[in-house]
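Remarks on the structure that follows.
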Amino acid sequence: MIGDMEEKENLWVFVEQYKGEPKQVSLELIAKARMLAGKSGLRVCAVLIGDNVRNISPVLINAGADTVFLLEDPLLRQYRSDFYAPVILDLIRKGKPGAMFFGATPAGRDLAPAVAALAGTGCTADCIDLELTESGALLQTVPAFGGRMMAVIVTPVQRPQIATVRPGVFQQAWFPEHDGRVVDILPQLPPAKFDLIEFVEESLQPSLLPSARVVVAGGAGVDSREGWELLRELTGILQGALGGSRPALDNGWIEESQMIGHSGSTIRPDLYIAVGISGDVLHMVGVQDAKVIVVVNSDSRAPIFSHSDYGIVGDYREVIPVLINALKKKQRS
Amino acid sequence: MQVAVCVKMVPAPEQWSQIAFRDDGSLQREGIELIINPVDRNALEEALKIRQALGGTVTVFSMGPPSCLERLREALAMGADRAFLLSDRNFAGADTLATSKVLAAGIRKEMPGFDLVLCGSASIDSGTAQVGPQLAAHLGVAHLTDAFSISVGEQNCFQVRTVASHGYFITKLRKPALISVTRQLNKPRIPTLFDIVASCNKEIIILSSADLNIPKSESGLEGSPTKVRELFFPPARRLARILEGSIEDRVEELLRQPGVAGVLK
Amino acid sequence: MDFQPTIQQDLLRKAVRQFAEDEIAPLVNEMEINDDTPLDLVRKMGDQGFMGVTIPAEYGGTGMGHLARMIMIEEVGRISAGMAMALQVMQMGAGMVIDSGSAAQKAKYFPSLAQGKILVAPAITESSGGSDLEGLSTRAVDEGEYYSLNGRKVFITNSHISELAVIIAKNEGGAKRDFSAFLIENGTEGFRRGRVERKIGFHGCITGELIMENCRIPKENLFGDKGRGLAVALKGINDYGRMGMVGIALGLMQASLEAAVKFARERVLYGKPISNLAPIQFKIAEIYADLESSRLLAYYAAWLIDQNKKSDTQVSSAKFFSAEAALQCTRKAMDIYGAYGCMKDYPLERYCRDAQLLVPADGTNDVMRIIAGRNLAMKR
């Protein structure tokens, strides 16, 4: 059935879909896999599971997939570990991929480790970079200790090398001329282990952060209502978006959708202004692609000064009002 | 209801900045205080609530070096009935797969008739969120992750709400099963003085690889499919130019910088 | 000699610290402004077993002892000196009933007392002072069927939230040191609460008057043997009252040290954090030395009490030493903060105001010196 691919340790991507649309992170991973495959001759295979999702296949091929493994069944309409994990395990045993990538979404983080355990192979969570050596070894870079450190993880022996990646870490690409094929696979479903009673949809406020040219963000150092009002005013003048780091979310100053960094949004603005953010790597991975990073922080030893372009050491309550006034003056003239 | 709770001891985050490299490249973490991984306390709290409602026992399992023993006492002080520390030189250097194998062996040996395994969704030091699903795979039971509400329904079924991308799932889960939980699930109790005194009379049992009958090749570094190839402090990507002068001067200078001025046009 | 805390002490410190940070810290501002004792919080502390730390298990406590109590008050005092004061006096009340109450009284009031469901306010001080016990003017008259009390107790901690009071009164017609102690239930005829004081610090801890006007006290409410009033009072003051003040001093110094270090690392002058400056380092070292020496003496005194050994020299020394150390430490931490230290947005000025109350409470520092000095210089 998929025997013609067994001789190569291909790169597989689990495609998560919702209401007939592939998840953005799945497309990002296909693009990354395409890049890693390069001229090696390795194929990029998308594993598409769902009910009535065939129409997603061309999108995946345009995103860079050579092959789409299509597994359809009414019972697979929504993600559930008790069906998805054994079905993927089955496929892995037949197709013997070299590596398999999952988006680090709630479903992906649930599924990837389970598949890895069943297959007896390694799984590396939340990679912020992936590299493929000539011998086919996947170098997986992950943050450790809250991002104070980075580790490169490898899975030397077992295959596939399974990795999860947060949304936004890689960029999606588009290959309109790319050719690929769809391989239908009849999934063998095991008995259900639980009953899915209901999926309750909650409409999420779309975050303004990813598309904003200017982003202003506050961290643990901004710890008063007045402080956040200042940042809000500054954001307004700059016509930007307001965000924050993990402590800002934990302290209730921002919404979940406003959190920037690992496990939050990854942003690429032209200008990023970080106020009262110490800048551990977990935060910085989310902003490292900003064109210019400006820091206002009272702690001159804050790590963020090593990851930014311009620094003002000082109390934001003194600095931001001056900045606001200067910007207002500029706008008037 | 027989509930097993898995907890991990992690370095206290306030002291992470003190973690350093030794000359041989390994991590120097002696003297760093260990704490129970915060969300694992939520798992334990939920287990205690289930015991309160239905009776039964709560047993804590943790894999780690002997220095974790004291912290395990804290789990007993919160109200767990028994605690097992799975500790052996052979277990050192384990990745999530090797860790979950050891935990599975501990649970199978000491609690073969378990109804439910609870664990925190992720640890704060590595944050992989993988041990829960992998432990379930080794135990051969169903799993749900990121639960923010658990209620026990009729016929020993759990009604569980779990986080999903566009909302949440409500699932009916039959026992035995594993659920990983979030911080939102509950508020972990603070041990009372009575609990603290009582905990000092409870026993913590250490189980070695021999007790668990796990060969060296299947645990710890050797039994881990993933290896750390390199560990490094992230390089300074950009070194900020620190602006000098009065606040007004510094702001003016900032606004003159090409990368900034260009955006503000 | 072993400086390693026991597992129990270690768990206790962690649990109380977490309780203080989770449950007390959010209320501190409100307590500062309203100067009311949050009774919900008192109930929660009772549920946690805080009031029963020295009460034996058979009376509903945990019997962990006085060293454990010291650790508790220290941890509560680190977050709120006012709440630590309220708590320490609640423990003192319950402890006095265990130490001096009759079997019938213990049976009547425990385990509720150990659980904080009822509170006892020890009431010794009068407007003439509290250390010169012989100068007390509250009088008890034996009327055969009952005692009749007249007098006015002032500066009584928890006066307006306690269900019971232990009153020390002079026996009418008795000798100079003929005092008795009485247990008065709230609602007793002729017993009422008077004014509430407004203090410099310890906000959130109520201090007020208790007034007896022909107050009829049943005979069974005599507390301790007749004529043993001074002994009852002194044991409570020594073992609980003064040691409680020491615990609060430790809490204030610990809080000052943490605040000073945090600010010194964050505050930048001339492009560098002020923690790089020697004068700032000196102050921090001095705060640390004061804190740790106070702590060692405090733990030693608490240990003596737990061992049933004579402890008044150590307790009174610890009290004046730690109170004065706390005054210095809170002041130094405030100095490090510069102008910020004088602002109500920061807790430093509160620490300073709270520290001042350590000086007079449960015997002024001068009286502490008299006790320790007399023991050391004159007694053999």
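Letters A, B and C name the chains as they come in the text, with residue numbers starting at 1 for each one.
Throughout what follows, a contact is a pair of C-beta atoms (placed from the backbone, for glycine too) under 8 Å apart; a residue touches a chain by one contact, two chains touch by 3 or more.
Worth saying up front: this structure is predicted, and the values here are computed from it rather than measured.
A.B. asks: Which pair wins on C-beta contacts, A-C or B-C?
C.D. replies: When the contacts at A-C and B-C are counted, B-C has more.
A.B. asks: Starting from the Cα centroid of subunit C, hunt down the chain whose centroid lies farthest away.
C.D. replies: With centres defined by C-alpha atoms, farthest from subunit C sits A.
A.B. asks: Report the inter-centroid distance (CA atoms only) between subunit A and subunit B in whole Å.
C.D. replies: Computed from C-alpha means, the inter-chain centre distance equals 22 Å.
A.B. asks: Measure off the straight-line distance from the CA centroid of subunit A to the CA centroid of subunit C, and report it in whole Å.
C.D. replies: Centres of subunit A and subunit C (C-alpha means) sit 55 Å apart.
A.B. asks: In whole angstrom, how far does the Cα centroid of subunit B sit from the Cα centroid of subunit C?
C.D. replies: Taking the mean C-alpha position of each chain, the two centres sit 40 Å apart.
A.B. asks: Would you mind listing the residues of subunit A that make contact with two or more other chains?
C.D. replies: Counting only residues that touch two or more other chains, subunit A contributes 300, 313-314.
A.B. asks: Pull out every residue in subunit C that's touching 2 or more other chains.
C.D. replies: Counting only residues that touch two or more other chains, subunit C contributes 271.
A.B. asks: Residues of subunit B touching 2+ other chains?
C.D. replies: Where subunit B meets two or more other chains at a single residue, that happens at 242.
A.B. asks: Quick check on the complex: what are the subunit B residues that touch subunit C?
C.D. replies: Touch list, subunit B to subunit C: 70, 73-74, 77, 190-194, 196-197, 199-200, 242, 244.
A.B. asks: For a test of understanding, state which residues of subunit C touch subunit B in their complex under the given definition.
C.D. replies: Within the complex, subunit C touches subunit B at residues 7-8, 10-12, 14-15, 18-19, 22, 47-50, 52-53, 57, 62-64, 271.
A.B. asks: Show which residues of subunit A lie in contact with subunit B when the two form their complex.
C.D. replies: It is residues 16, 18, 23, 78-79, 81-82, 85, 105-107, 109-114, 116-118, 120-126, 139, 144-158, 193-202, 204, 213-214, 238, 270-271, 281, 284, 288, 291-295, 300, 304-314, 318-319, 322-323, 326-327, 330 of subunit A that touch subunit B.
A.B. asks: For subunit B, which residues are in contact with subunit A within the complex?
C.D. replies: 11, 13, 16-17, 19, 95-97, 100, 124-134, 136-138, 141-146, 159, 162-174, 177, 224-234, 236-243, 247-248, 250-252, 254-255, 257, 259-260, 262-264
A.B. asks: Mind listing the subunit A positions that touch subunit C in their complex?
C.D. replies: By the definition above, subunit A touches subunit C via 298-301, 313-314.
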